[in-house]
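First the structure, then my questions, so here it is.
Chain naming follows the written order as A, B, C and D, and within any one chain the residues start at number 1.
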Amino acid sequence: MGLFAYVQVHVLRLTLLCVYEMWFCCIKLLFFFSQRGQESAGIVTSDGESAHSFKMHKGMGLVNHVFSEDSLKKLYVSNLGIGHTRYSTSGVSVLDNCQPFVVETLHGKIAVAHNGELTNAVRLRRKLMRHGVGLSTSSDSELITQLLAFTPPLEQDDTPDWVARIKNLMNETPTSYSILMMHKDIIYAVRDPYGNRPLCIGRLVPVGDLNKKGKNYAETEGWVVSSESCSFLSIGAEYYREVMPGEIVKISRHEVQTLDVVPRPAGDPAAFCIFEYVYFARPDSIFEGQMVYSVRRRCGQQLAIEAPVEADLVSTVPESATPAALGYAQKCGLPYIEVLCKNRYVGRTFIQPNMRLRQLGVAKKFGVLSDNFKGKRVVLIDDSIVRGNTISPIIKLLRESGAKEVHIRVASPPIRFPCYMGINIPTKEELIANKPEFHDLANYIGADSVVYLSVEGLVSSVQESIKARQDNENSLKTNKYRAGKIGHCIACLVGKYPVELEW
Amino acid sequence: MGLFAYVQVHVLRLTLLCVYEMWFCCIKLLFFFSQRGQESAGIVTSDGESAHSFKMHKGMGLVNHVFSEDSLKKLYVSNLGIGHTRYSTSGVSVLDNCQPFVVETLHGKIAVAHNGELTNAVRLRRKLMRHGVGLSTSSDSELITQLLAFTPPLEQDDTPDWVARIKNLMNETPTSYSILMMHKDIIYAVRDPYGNRPLCIGRLVPVGDLNKKGKNYAETEGWVVSSESCSFLSIGAEYYREVMPGEIVKISRHEVQTLDVVPRPAGDPAAFCIFEYVYFARPDSIFEGQMVYSVRRRCGQQLAIEAPVEADLVSTVPESATPAALGYAQKCGLPYIEVLCKNRYVGRTFIQPNMRLRQLGVAKKFGVLSDNFKGKRVVLIDDSIVRGNTISPIIKLLRESGAKEVHIRVASPPIRFPCYMGINIPTKEELIANKPEFHDLANYIGADSVVYLSVEGLVSSVQESIKARQDNENSLKTNKYRAGKIGHCIACLVGKYPVELEW
Amino acid sequence: MGLFAYVQVHVLRLTLLCVYEMWFCCIKLLFFFSQRGQESAGIVTSDGESAHSFKMHKGMGLVNHVFSEDSLKKLYVSNLGIGHTRYSTSGVSVLDNCQPFVVETLHGKIAVAHNGELTNAVRLRRKLMRHGVGLSTSSDSELITQLLAFTPPLEQDDTPDWVARIKNLMNETPTSYSILMMHKDIIYAVRDPYGNRPLCIGRLVPVGDLNKKGKNYAETEGWVVSSESCSFLSIGAEYYREVMPGEIVKISRHEVQTLDVVPRPAGDPAAFCIFEYVYFARPDSIFEGQMVYSVRRRCGQQLAIEAPVEADLVSTVPESATPAALGYAQKCGLPYIEVLCKNRYVGRTFIQPNMRLRQLGVAKKFGVLSDNFKGKRVVLIDDSIVRGNTISPIIKLLRESGAKEVHIRVASPPIRFPCYMGINIPTKEELIANKPEFHDLANYIGADSVVYLSVEGLVSSVQESIKARQDNENSLKTNKYRAGKIGHCIACLVGKYPVELEW
Amino acid sequence: MGLFAYVQVHVLRLTLLCVYEMWFCCIKLLFFFSQRGQESAGIVTSDGESAHSFKMHKGMGLVNHVFSEDSLKKLYVSNLGIGHTRYSTSGVSVLDNCQPFVVETLHGKIAVAHNGELTNAVRLRRKLMRHGVGLSTSSDSELITQLLAFTPPLEQDDTPDWVARIKNLMNETPTSYSILMMHKDIIYAVRDPYGNRPLCIGRLVPVGDLNKKGKNYAETEGWVVSSESCSFLSIGAEYYREVMPGEIVKISRHEVQTLDVVPRPAGDPAAFCIFEYVYFARPDSIFEGQMVYSVRRRCGQQLAIEAPVEADLVSTVPESATPAALGYAQKCGLPYIEVLCKNRYVGRTFIQPNMRLRQLGVAKKFGVLSDNFKGKRVVLIDDSIVRGNTISPIIKLLRESGAKEVHIRVASPPIRFPCYMGINIPTKEELIANKPEFHDLANYIGADSVVYLSVEGLVSSVQESIKARQDNENSLKTNKYRAGKIGHCIACLVGKYPVELEW
């Protein structure tokens, strides 16, 4: 997928994070998600007592630019907070759209951070404005916050019913969102009924247990919420569980409590974004009970079954395709050998490589280990081919350096459709799968052969162990996850969206 | 008044500016108001056709930091815009409070900039939140904007009645504000019924007239609104007139039209801030038909009448007290001679001048022209003494450099009360007039004598020519300004506020 | 002289400063000389014990950018240091040319800061390179430093004879320079034999004397050297005396000692830059025993004698021409009245005021106090007219605002020749005095009349009190200053340079 | 080696680069070497005609900070230039030490960049100062430049003999340096007689050949010099050859010409730094005719022979140890499986991870792929263990995540001695190999076993193919490299330095 995808990973990844009894982790989580190219970052903390004493700091740019030591010190008034980092390639990158969003309501301040994209945002905006609310940003965040600020009819003046307000919001919009809302000393964590965006909970183990267990624990106990479980390790937290699709979780000092689960329309399967497995998530993250790395290796194994090839070695486009390459190599019994090394010194330069220098772009990102493959037939595994303009120069590079044959195997199916649920995918016209050249792709990119993983192959690689576990749980009658009908959003591959789109 | 006052000038000065047919001036006006210590700056422009195409750029810090060449180019889509710069010493200096404020309403976007402080803000906030509106900032700007976003009962869905909405707002809150509101191709300029904050209109003369008249005109015709008329000269505009207290002015391409004048409660006099004359405004600004410089010279003349002294020369604390000093010198027939020169090289350094170096502070700001006053009796005119800690080292400096006597004459009365209408005045405790030392002030500051101008002397210096003109107009039955009963807000001097304060 | 001159003031002003027993003042002096537009700044401190332990910090840009709290703390290892700030409009503004310059010699490190321009630099560079020394900068500083690093023939290996080396340097180059050199615990202060650039010494009075004398003294005793005496007040120092032309002064902890005075060629008069009086220096500075303000007032008086005019009032182009204007007004008995006020809000904007807006430039810098001069005949005093393009729009502004007549009187003669001794003067072609329009200048700039001060008038205004004092000293046989034949460099006015120029 | 080593790579790596007929590549090479933590960067370009027209830009900090688009445009006057980037952890990181260094000599300007550390620098400094040259920096660069500026006795005044000057320099100091010197239209590339620092030449193929060959060539022809050959690919250059130990190469528009080869003392073997193979260089770089990756894999194979272990899988500390891990796995027939994934999101935060959070450091850098090794016996290959404080928490992490056994195998011998030839190694006391705990290292770091590669094993892995090639060449009587006796600097491993050290 190359550089584009690298950005895309973060584009619509919400980075919700909340910390109870462990403010310091909040900062660390924030940095965990930080990276160059990032658009904005923010943290809101609460002292847990007054509903009016939020501290907020947010800004455009890299975390290291947005946060200084001073701004962090000012935030450090509490053990409770939520944060957000945002990545975007679209033009609407203004500070007003930075999260978390804070508004004052009759019952004090609430802070809201969310990930995803409301499929009926236009209708909701109009509804609010008709009520006389002026909207100061173009973001879904303000929509969500103003909907939460509305008093439901049955609420008493002095006792806010936040669950009723959240359910009211969830009834107004079916998907796609994960939300963190903070009020006084409580954080509410919510996933939409389709479970499109990820959200999971981690546990900070008390210091007292440190020596006993000998583990890398944090200094105090508490809870952490994050959109990626792999962040937990870095702050000394244990993976606890996912927030279920439609679930409203209340997180307070001592407990994590399910307040309600808003169901999907009868018969609708869940719709967790399958591209989290394919590309976005880090390999050590856990979704639906399985490690992303394992899914990717299974994709490689499945690809070896679907599209074997006679060759001398299997290799990877480092680093994201490596699990699939190792799975492919193992399944077909060929040696795994490195042919490219990543260039750690790549400068994100402002120099526009005009003219012919543009084609040096790939060479800038990779070094070639020519001694490893001279005169050999190479099977090169990539995780995805989206636009098709990065794999082509890699193949050329390998041939020039002595590869006898270059066979491309792609560990995911072709992307053909736009995403309206929070993932930044190139326009239909830019997608190689929609271009005429796709019909003779091997020739177009200069490969000896090129085969994508089938949609069925991907889905089965993803659902295999989930189904096995569910069958097992059903037989045990535990049904702990109650997630309903298994399903994943594969709209970008097949064009069928989990809900009807509104404009 | 010294440095404190220098800052205070800008603290609550709103810098409203709007430009029609002359966007470039908008930028120049913005820079006109810029200065070190400034808190935030912003500009919103409209293409004058669509109600959804505002361009906005605003940020914290100096104008030169907030605006780059790129950000200005992005704004340059039109000949219509409003801008704002803000100065604050209070802690609430967050970007969210930056103006102008833009919200989307059912009828498209509106942009609002204002100056002043609503005396009943707390009640208005609660009213809006009860209606279900979440408030995302602590600023009066958001209050004003959300009140304008509310649909009045009689308005048709497809034709917004902005005048009705503005009058509705003015009925909700009596003072203190000047407001600029932009929608599509119209700018509304509003002063509160008491006329507490200044606002005036300038005219950009067409290029065609340039050679004919030989004047410093702008390139195209149009209108300009500003809180200080002295800014007009720098952009080639002519002073046209003030916005009257309570007046709602509609400014469009070809005309300036009074839509309505909201009256004060019967009998209430106008309440323009008298400290604009004393300290805040630039001497070449015009308020109520008179030049600020002339008022200040009259104050000096009046002071010479109220508090003459036998001496050898009259001098000034440069530069703000110079008009009063020249007036005093002329009235009492003493020579005007410079004793201090301003240090152009003063570094606003981060070095804390601890210990004894603190007393060098004044020496850092002024150079001493000792040859000019050795062995002489000096009358030193200052524009105000607020805290009393800057005049004291000046006197010491003069004595050490050879002055035989130093008599202080202050061209305004002592400040004793806080301002709740937009001016940042030190706390009551910090005001020298409320301290025990005030009873023996000359001794406390080391002067041979010290006399303030009387409240009556100040008021008559300010109102003298206004009354003369009004009498003249009355006799001529023109009554062009219809400003009602003459009056000025002297709350900080006597403690009586123009409206009852709400909390 | 306008903005150009404002920059010119600083262009070649060296800002030598040294502090003994008072490091903190070093910092304050540095800030004293700082200002926007500044090119570079630097400080070197010595611990006074080892010859290898200098601390240095220097950089391009404003003092506030160059120095952070951290960099100042690192410098604070001692009570001894020299500093430099540099202003330049020429293109050669690279960091390598920043001063002070430090080199290591056989006898340890020396630090050097200087002000001025060597008239035989080209020849000296070639001489050094022929000796095998590679020169890494284009600055005179490196020349001076390498000349000081050379061992004179008679010096013993282990005892450096710095005076011999300094005299060797002074023999190699006659003018124009003032130099500060630091080695271990000694600072040497040097002025070239012609005394072209200023340099003076101040005394820091011990704290113990503070109460006794009641003066604004510094915390500890010590010595300060500066190119402008007015800087002393701001750090609590007393003016002590000037460094004489050709004098080598050794400054150590407890004494200021004259080591030698290198004479000029027999018959050559001194050649202190007369433009220090006219324009560059601050009015409260002292040169050759007289205050600059007094010289400027005398110039105004002389101008009233040379070029009287029938008018209603005398005024000034603020602020630099004010002493001359007050002198002129007093001499001819006309009232002094302000017609312009300085615009404190001038933004140094990056917006290029193309087209007609350019002519608004002056309006941006000044406000017009039209009520003060409507229908009146104005004599406007300016300190200098160099290019002639700033006075013209001022006159236009006054006429448009109602002045009946505008007579220009310039308190210095026309500049006609370039300066090769450290002052940045426009090219010959840019000088109005060398243009054809000069013959009908009043018409060209739109004045009713315009008269410059004569060269003789300027010289007598400058030398009058020096001669009086010298006569007095001669009669007293003190001859304390031994400055030889009185004289000033007026090369830019008449084209005769104090030494022959080498290329 | 962990993070420390990551920094160490760059500490003393000179990044010499020169470009003829291809200025643009110069910039790209610069960025190629850029990375966070970098200390300074600089480029000097020549127009190839005048000896006085160098353009230089250099500064402290990251390349992206040092170079702006403007500064690059100013440099783009020619097709000839040299550049340098520097990395340092020592305190002497001042701008004065930035390279390239430019000085003016009798024959015009020369620019010099170098890599390495002169072993007799102290003596050379004293020699120069005794000659009367003041030294303004503490860098070897100035030493080298001033030595080159010295006229040798036999040189005619008008024809500089640069080769004689370079040989003179090489006679004064035996090692360690690679040097690039530019004068007018010639670049000289030099390696010290011991060949301690790398330097190699690449060829830019003419555009005309692009289509014919279908290669990734640059736009114009020319030559490139770099300290790492892997940089060539990114600018479209082909590897041409190494500069030989002691060789002086003249690079002009159309040719690369050996001017001379300065020999080592009779019998001394070459002394190329062996740690370039072990750690510093990128795996796709070529030294002495072999790819670094291949050497590292051989080290892994050799390690498998020297220290086999009964286990279930072989893995790597990503990414630097991967070649050795794959070599080890292949040699001993165990599967290669990933157990850690690199955290791409690591923030170089300013937050000091005090207390127990420090031990989370490793967790922050790596994610754990626990499913891949639960219940398994792991052999973990690291490239080096220097301080021993990074491997310990990794082992703990693996155990906590389910590893049954963890055996550490290190693909290089222990470091025991300091380097005085340009590599920044921790102090002797910090090296784990010099601590008492080293005797029971497995226990100290918590491993089941730990074995380092032997010195002999490393040397033979490095020299094996060189010897084979040399034998082959000798038999063919080509002796193309004439490098003399094969040898490598292993001083940090055994304490024997290639030359006697002078102080």
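Convention: a residue touches a chain if its C-beta (ideal position, glycine included) is under 8 Å from a C-beta of that chain, and two chains touch if they have at least 3 such contacts.
A quick note: this is a predicted structure, and the numbers were derived from the prediction, not measured.
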Touching subunit B and also subunit C, the following chains: none
Subunit A to subunit D, mean C-alpha position gap in Å, rounds to 38
Between subunit A and subunit C, tell me the centre distance in angstrom, where each centre is the average of that chain's C-alpha atoms. 64
So how far apart, in whole Å, are subunit A and subunit B when each is placed at the average of its C-alpha atoms? 51
Spell out, as numbers or ranges, the residues of subunit A touching 2 or more other chains. none
Touch-based graph of the chains, sorted into line, ring, star, complete or other: ring
Within their complex, subunit C touches subunit B through residues 24, 27-28, 31-35, 63-64, 68-69, 72, 207, 210, 214-219, 230, 233-236, 282-284, 291, 293-294, 319, 322-323, 326, 330, 335-338, 341-345, 347-351, 355-357, 359-360, 363-364, 367-372, 393, 396-397, 400
Provide the residue numbers of subunit A that touch subunit B in the complex, in ascending order. 56, 94-95, 101-106, 110, 125-126, 129-136, 142, 145-146, 148-151
